[in-house]
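Just below sit the structures, each encoded as structure tokens.
You will see two complexes here that share chain A, one where it goes with chain B and one where it goes with chain C.
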Partner chain A sequence: MKKDRRVKPVNRRDFIRRGLHIFSGITIGGLTGLLFSKSSSEEMVWQLDPNICVQCEKCAVNCVLPHSSVKCVHSYSMCGYCDLCSGYLQPGAKSRDTGAEHQLCPSGAITRTFVEEPYFQYTIDEELCIGCGKCVKGCISFGNGSLYLQNRHDRCLNCNQCSIARLCPSQAWKRVPASRPYILRGDESQRYQKG
Partner chain B sequence: MDTKKPKTDRLITGLIIFLSVVGILYFGGRAIYENTRRNQENPFEYDVEGFKRSGADRVSHHEVRRIQLDLEHVLAIAIGPNDELYVSGDSFICALDKEGRVLNRIETVGPVHCLAVDENGDVYAGLNDHVEVFDNLRIKKSSWNSPGKEAIFTSIAVSPTAIFVADAGNLVIWKFDKAGDLLQRIGDKDEAKDVHGFIIPSPYFDVAIDPDGFLWAANTGRHTLENFTPDGDLRTAWGEFSMEIEGFCGCCNPTHFIILEDGTFVTSEKGLPRVKIYNRLGEFVSVVAGPDLFREGTVGLDLARDSTQRIYVMDPVQKAVRIFEAKPDWEGSE
Partner chain C sequence: MRFCSRSAKTVFLLVLCFLLFLPSMNLSQTQERFPKPDFQSGYTRPDLLTPTPRSQLLEYLDVLVLLVALALATYFAHKLRSRRKLFVLMVFSLIYFGFFRKGCVCSIGAIQNVGYAIFNSGYAVPLTVIIFFILPLVFTLFFGRTFCAAVCPLGAVQDAVVLKPTKVPAWLAEVLGILPYIYLGLAVLFVATGAGFIICQYDPFIGFFRFGASFNMMIFGASILLLGTVVARPYCRFLCPYGVLLNWMSRLSRWHVKITPTECNKCRLCEESCPFGAIKTPNEPRYQGSKEKTVKSLAALLVMLPLFIGGGGWIVSRLDESLSRQHFTVSLAEQILLEERGESTVLTEETKAYRASGKPREELFQEAVSIQEKFRLGGWFLGGFIGLILGLKLLNLSVLRRQLEYDVDTGTCLSCGRCFAYCPFEHVRLGLITPEEAAAQGARDPEAREKNENENV
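This part shows the complex of A and B:
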């Protein structure tokens, strides 16, 4: 006996029903995949690698915020507590004091405090710091690089396309896990890595 | 009928168009110029270019030879009793002849940050916190005990009877005998004796022995070279801060120094990378190599001298040993 090999014609109702089934399957699968990928991959944020940064001073002006989210931070474990701090004083400063004309910082964001002869402590006022990195350049050129720049996440909007990263001449900006959003120096770095 | 009116209208229209074009060209050009100028000017620029030119008319030496090194990290140099050159880098030390050919090479357990060679050809290598001694770079003779976990050895000076090791971690100089037994700790702060101690903000702390056998050390935070008696008491010191050529620049210089046979000092600095000569009294004499000879970011110019008083400068950025000789026509060479 011969089988009837003729294909049964698909009517419009079946066609729409099957189409809806396939569309629903793809949608549910896609959403499940998206949710799974979101839950398994950590959120990433922007950060400036101080070991690559060349202190071009563009972080101060390229951020979308009115005051850049990039600020100078200080590794106290590395700092030499120098009387003649090349991050605080102008290169040709006539005297080592807190006179505005001797200070390197254009916004006066660094405070110099006497510790004991001949040591001084330097503290960054983040409200005043504009992230120009002028002090960082002075410190890294003549000192040991205890002053460096970091993107502060209490201010950063974490834009998809960071305008500072896009224009960074040394490609020092990278995405880092939100759970470890800073790239620190000195003993602070070791403590930070240990959590 | 007034035929003049259309002519006047055309004149006025033409004038308006002309003025508009001139205005657009003027203001547009000015805006472009201002924008370009604004982009070129950097209000936050850290500028030390003026200081780099200081002393350009006082250059007494010229580079006569350059030995390129096949090393990832060049760390220290020393000259042996027969003018052979010892170089440390990565995790080994090698001896080179005058032409730069490798005579011998030995691996070390870690990076060697400072080197010294005695009159017998024994090589003293300062690893992070201890000294290892090699017999002419053939075999390891001994490995000395570390004075502590905090130690960061940065320089070794050899006298006929003792070895002095600068420790930037503990801010002292350790005096050992040649067997590696610790004899003395030099340079601690002592207010009763008015000894202020070493201030070493960055890990550059050099020591050397002068022709009279006295120990000298670079107190970089004070911008001075300090002289000690054999018992470790401070005898004298000289040096001052200045961004100009006469002094030591930045927070902490000189990073390295050597003493020539006639007792003059050769110093090197960071920040403004420059190599200079001072007489026995600490008075500036001349420039061996100015900042124009080094790339930006050059730090750690280790120095050595051979028996003909040529000055060897280790350039860690260009990964080379650069040899400088006094210019025959230098006015101050007498």
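This part shows the complex of A and C:
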């Protein structure tokens, strides 16, 4: 029986099928070739352009991760180390009191440490930062703009379609090569220029 | 508390700052309003840490795992014919590609990257994604859908919940079987126009892999899984767009699994064994007399085919307005119009962001119009495609193919191996029974015996 099947003469149906099989093989081969010509050996990752971002606070909630992959980063090279940091303190705060009620950050992720008179360093605790960008707005509006949002690649799952990117009102997100995974400001923007 | 030396003067200055800079908000993002300090105390500025993404090497590891899993699945299905081994491999794939890799990168979603690369010259598709797209297709072209059997994490999560599969009526299965084609067509239309990746957006299971998704998607995923307990693999059969491509490849596959390792004596033992309704049953050669009629209806359908294609294209190209609204730029332009006409009083984040960007209005509207045109043109293609598929389905239904034995339907069979163990000749192969005993099983069922005898006459 088994043998019978094998020596069965090739009928028309089988012939067409065989032809289509080869045709599909060639199509796949051609498609692969076409794709290779448009390919990059490098992975692409998602990043937001801080120069376009309007700090809508959606980054904090739209990430698929329970704690958004977007965090506030701090370009110390641009920071004025202000005593009255507009990214740290509530607008119109009556004092530079470090009490939580005076802070802009809803999760208390920014710590203020004294450097020397009259300068203060502001440090972001990424474990606490929720990526809402409230401090960023404060810094950009009244300060040097040294605080800004970035997608942190130690956290990001690199979704095929980033769900923040899809819903970003300013369309600030784009795919960038994995070797230049951040869009930085200040002196740090030189970081990826060599390669 | 040395930080708190308050003075009325600084407070006043701060308020002044607010008033001064208020109008310039959002316009300039970086301004050196305060000079960079020169530190006297030897303080050095901390570095901005930039943790790197997952290493390229690991991405290639994924490709390797895919390749090995595909090879193993094929080996288990074709050579060992072992459902148990396929199941174990399936669980592994579920854990690796699903829970460990969190469902990204996946072959189904890769359709969109491939489409995006073809239609959008600015996008370079990563090699790994190409391989994820091509490799299962190549395997299927040779060995059938072994990818679906044990490698695809989406298939695996559904397969794991198949409890009491019921039969979907054939007509309903045919009708629902159109959905994947529409979904595939829409997905390609959306990437071609740059409106986004809808397969990823509506992936029902990604939420389970990541233990979190939007509420609606969680409900959607949960209902599909719930449905999946009684209707085996509903996403695979009635939605999966990659399944369309796999179905085509599998139909043309060089080698495909068979229910029986050797022969079929129509014992009907396997008849109900496939939860996916992928087993073709023998049909009697009853249409001999009406052959002329069949030819006539075939000819009629062939003539109608261009009508189907044209009609479909016309209908879908009319939907350009509602479809293009899914594109960010189009919906933004519409919202701007609404606001300008005073029909929408609340300003959205999107329009606020657009106004702040200072992009000229004309440019935006021109862009929106050109996207709408793309949707109209794409609509013709999508509609034509759907019409073609409908026509071909009807053609297919009107041709009664002679089927002599119980065999898998190569298009829809997922090579899962469930039916193998039902076949007495499989038991012979495993050395559990003798060929004589197997042959006797064919005679056990009176109806089957009758059928057999009829055919032998």
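Note that in this section the second predicted complex is superposed on the first by the 156 of 195 C-alpha atoms of A that agree within 3 Å, B and C clash if a C-alpha of one lies under 4 Å from a C-alpha of the other, contacts with A are read in each partner's own complex, and residues count from 1 in each chain.
By definition in this document, a residue touches a chain if its C-beta (ideal position, glycine included) is under 8 Å from a C-beta of that chain, and two chains touch if they have at least 3 such contacts.
Bear in mind the structure is a predicted one, so any value in this text is a computation, not a measurement.
Visitor: Classify the contacts of A:Lys134 with the two partner chains as first (chain B alone), second (chain C alone), both, or neither.
Guide: First partner only.
Visitor: Chain B or chain C: which reaches more residues on chain A?
Guide: Higher number of touched chain A residues: C.
Visitor: Contacts for A:Arg17 in the overlay, against chain B (first) and chain C (second): which applies, first, second, both or neither?
Guide: second
Visitor: Quick check on the superposed pair: does A:Ala60 touch chain B, chain C, both, or neither? Answer first, second, both or neither.
Guide: In the superposed model, A:Ala60 contacts chain B only, not chain C.
Visitor: With the two structures laid over each other on chain A, which partner does A:Pro106 touch: chain B (first), chain C (second), both, or neither?
Guide: Touch status of A:Pro106: first partner only.
Visitor: Contact-wise, after the overlay, does A:Ser75 reach chain B, chain C, both or neither (first, second, both, neither)?
Guide: In the superposition, A:Ser75 touches chain C alone.
Visitor: Examine A:Gly25 and indicate which partner it touches, taking first as chain B and second as chain C; both and neither are also allowed.
Guide: The answer is second: A:Gly25 touches chain C but not chain B.
Visitor: Check whether A:Gln193 is in contact with chain B, with chain C, with both or with neither, and answer first, second, both or neither.
Guide: A:Gln193 sits against neither chain B nor chain C.
Visitor: Output check: A:Leu35 vs chain B and chain C. Expected answer is one of first, second, both, neither. What do you get?
Guide: second
Visitor: Identify the overlap between the chain B-contacting and the chain C-contacting residues of chain A.
Guide: Correct list for chain A: 79-84, 86, 91-92, 141-144.
Visitor: For the complex, which residues does chain A have touching chain C?
Guide: For this pair, the touching residues of chain A are 1-2, 17, 20-21, 24-25, 28, 31-32, 34-36, 38-45, 50-52, 54, 56, 58, 64-66, 73-84, 86, 91-98, 112, 114-116, 119-121, 123, 140-145, 148, 152-154, 156-161, 163, 166, 169-171, 175, 178, 181-182, 184-186, 188, 191.
Visitor: Sort out for me which residues of chain B touch chain A in the complex.
Guide: Residue list for chain B touching chain A: 42-48, 50-51, 199-203, 221-223, 241, 243, 249-253, 270-271.
Visitor: Touching chain A in the complex: which residues of chain C?
Guide: That would be residues 2-4, 6, 10-11, 13-15, 17-18, 21-22, 24-26, 29-37, 39-41, 43, 45-48, 50-54, 56, 59, 102, 104-106, 109-110, 112-114, 117-118, 121, 123-128, 130, 133-134, 137-138, 141, 196-197, 200-201, 206, 210-213, 248-249, 252-254, 262-263, 328, 348-350, 352-354, 356-357 of chain C.
Visitor: Where on chain A does chain B make contact in their complex?
Guide: Per the touch definition, chain A meets chain B at residues 55, 57, 60, 79-86, 91-92, 104, 106, 118, 132-134, 137-138, 141-144.
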